[in-house]
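Here it is: the structure, laid out below.
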Amino acid sequence: MPQPLLRVRASLDLTWHYAAGSHFTRFFEALRDDGLILALRCPACRRVYLPPRPVCGNCFRRMEEWVPVGPQGTLRAFTVVHFPFLDPTTGQPRPVPFGMGLIQLDGADTTLNHYLDETDLGRLELGLRVEAVLREPRQGDMGDIRLFRVLRP
Amino acid sequence: MSEPLVFPGSITIPFSYAAGAAASRFLVALRDERRILGTRCSSCKKVLVPARSFCAGCWEDTGDWIEVGPEGALVSWTTVHLPLPHLPPPPVTLGLLRLDGADTDLLHAIGGDSRRLERGLRLRPVWREARSGSLLDIAHFAPIT
Amino acid sequence: MKWRRRVAVIGTGQTEHTRKRDDVSQQELVREAARRALADAEMTPGDIDAVVLANMELFEGRALPELWCAEGAAGAGKPVLKIATGGTSGTSGAIAGALQVASGMFDTVLVVGFEKQSEGQTAAGMALTDPMWDRHVASAAIGNFALSISQYMAERGVTQEQAAKVAVKARRNAARNPYAHLQQPGLTVEQVLASSVLAWPIHMLEMCPTSDGACALVYAAEEVARRRCPRPAWVRAAATRHDHPYIGDLDRRLVTMRTLRDAAREAYAQAGVTEPLEQFDVAEIYEPVSYAELAWYEALGFCKEGEAGRLIEDGVTAMDGQLPVNPSGGVLSTNPIGASGVIRTAEAALQLHGKGGQRQVPGARLALVTGYGVYAWSDVLILSSDPG
């Protein structure tokens, strides 16, 4: 008689409380209260980082100079995703297809990974101009930037 | 500076662990036959409980399957007063017991009045009616009255 | 980095990698590979001084694999170290094991990499990225690679057909590797490009699988290696580079791939390699997706920038080409994440041992190994039949 092979099923329910830190607190408050996207400039290399973080990874210098960037920018990379990834914020698969891009906001030197409003590959190319679309009402987290809208002439 | 922000986050991830052939046989024996099985190391001859496919000390495959217990002797115990995840509400007494015929100790819940526990106390398993192939098919071990 | 004393791989072992192993627990899977490696090295557990385990524990939801799987790697009573560095776990583990022996503190080290992805939710584990700015858009390896590939295609001119040829090479090579997961001897470019799009331009058939599997290797110090092994695979170089954590900070990741370039430059200098395409006899490189292998050709200096497509089209990296890349079938054919980097190292070593069977590159004496992880971490090892 064949041996049964058992599977032990267990569900891991994880909850956390993440401290945003002073830099992200400032960033999310500016986004929530003023609708502004703020970045940080390194005093040494002058690189403007979005999202902001306390230290420049190349120079190891603390960054304190806040610079508003965007809300428009340039598309530096893109894809259209058909694979229904698990959205960790909801625990459900994301509806597909959805567009994604790396966006360099005007004034920033790094790119931001975010959603695009376009899923037609024939209408996506590097260099397109895009604009941040904010969530209303804003709540003070990254979801306040809902997605980036491709600017069509 | 304004109040620092703290974000709550949560995620539920389902897992499905393969028990493997040896552990499956052990669990099925609990579920279907109410028998506790051990395996004997082909090298050092120790009877390992729960049953497993190899002896960690010798790194050899185990050979014979041996039924142990169902009774055994209490080796050590503690009573937990903190509410801990996956345990019943406190107080819960957990103990290590040496089932008759085994050479290793089994960790399980101990029922009955914890003030009357002593080393060497004889215990027997209390089986659940509805069993699923889990160590908890034994609800706890209780002193033999 | 200067090596204090010589180290060699003297034995390897791995499981037959597959989608789902219901018949073994995680620890038993580890033991399968460990036994085979010890048997290959003709050693017993008592001969091993220390153990390194490579595994991404979150993916299976089992904390502390160095605790729960140590017995399976004959680690009870020994020093055991766990390494969890994403895709580079296996090569980080391979480098750590080599360094442990080279330090003089241990004469023999067993390295076991493993993953039992059928037990968990790898995508969910990978979604646990930075909660402030990354998690809400986390699209796992597939989405992130797809973004980088759009930049790489635009700047270096590779085509979807050229990328598909990489997948065809991998799966056909895998058909001659008894341990590989996806073995597709008849795969064609047309089939790859007709398969469903996961995230443009990545098709299903040119992306790595998720696998259950384990792979182990035995390292020995020179005196032990010479005594026990007729053809030791000497470690001539090891280098690692990490980078910014956020994909948006990396300068066009696949295009520049500075971690792999810098790690390769350092490793080549350690081993005296100046012309990689000419000098290496075989390469096992970590390629999660077809386009990555093309980008790695350029970063590793096999060709000039923009010429990677030509390399695959001219068959330079085929089994009968100038430098066979991934005779094992690579990560594209087999990907138990914690094991994958150990598999690259073990496959390179067994080529030098002459144990490649149907996938043997005749006369292989110098092998290149790479590991890749997360957004842009890179490991490079060089193995040689020549102790140097």
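We call the chains A, B and C, going by the order they appear; numbering starts again at 1 in every chain.
Basically, contacts are C-beta pairs under 8 Å (C-beta built on N, C-alpha and C of every residue); 3 or more make two chains touch, one makes a residue touch a chain.
Note that the structure is predicted; figures quoted are calculated from it, not measured.
Q: Return the chain pair with more inter-chain C-beta contacts, choosing between B-C and A-C.
A: Higher C-beta contact count between the two pairs: A-C.
Q: Which one of the chains is closest to the middle, using the mean of its C-alpha atoms?
A: C
Q: As a test of understanding: of all chains, whose mean C-alpha position lies farthest from that of chain C?
A: B
Q: Can you compute the centre-to-centre distance for chain A and chain B, using the mean CA position of each chain? Integer Å is fine.
A: A distance of 46 Å separates the two centres.
Q: Just curious, how far off is chain C from chain B if you go by their C-alpha centres, in Å?
A: Chain centres of chain B and chain C, defined by C-alpha means, are spaced 38 Å apart.
Q: I'd like the Å distance between the centres of chain A and chain C, where a centre is the mean of that chain's Cα atoms.
A: The computed centroid separation for chain A versus chain C comes out at 30 Å.
Q: Could you list which residues of chain A touch at least two other chains?
A: 5, 7, 10, 12, 16, 18, 20, 24, 88-89, 141
Q: Which chain C residues reach two or more other chains?
A: Residues 22-23, 61, 121, 124, 127-128, 131-132, 135 of chain C each touch two or more of the other chains.
Q: What residues in chain B touch two or more of the other chains?
A: Counting only residues that touch two or more other chains, chain B contributes 7, 9, 11, 13-21, 23.
Q: Considering only the defined contacts, which chain A positions touch chain B in the complex?
A: Residues 3-22, 24-25, 28-29, 88-89, 91, 140-141.
Q: Considering the complex alone, what residue numbers of chain B touch chain A?
A: Where chain B meets chain A, its residues are 1-21, 23-25, 27-28, 133-134.
Q: So in the complex, the part of chain B that touches chain C is made up of which residues?
A: Per the touch definition, chain B meets chain C at residues 7, 9, 11, 13-23, 53-54, 56-57, 59.
Q: Spell out the part of chain C that touches chain B in their complex, as residue ranges.
A: Result: residues 21-26, 28, 31, 45, 60-62, 71, 74, 76, 116, 118-121, 124-125, 127-128, 131-132, 135 of chain C touch chain B.
Q: If you look only at chain A, which of its residues touch chain C in the complex?
A: 5, 7, 10, 12, 16, 18, 20, 24, 49-51, 57, 76-83, 85-89, 100-102, 110-115, 121, 126, 141-143
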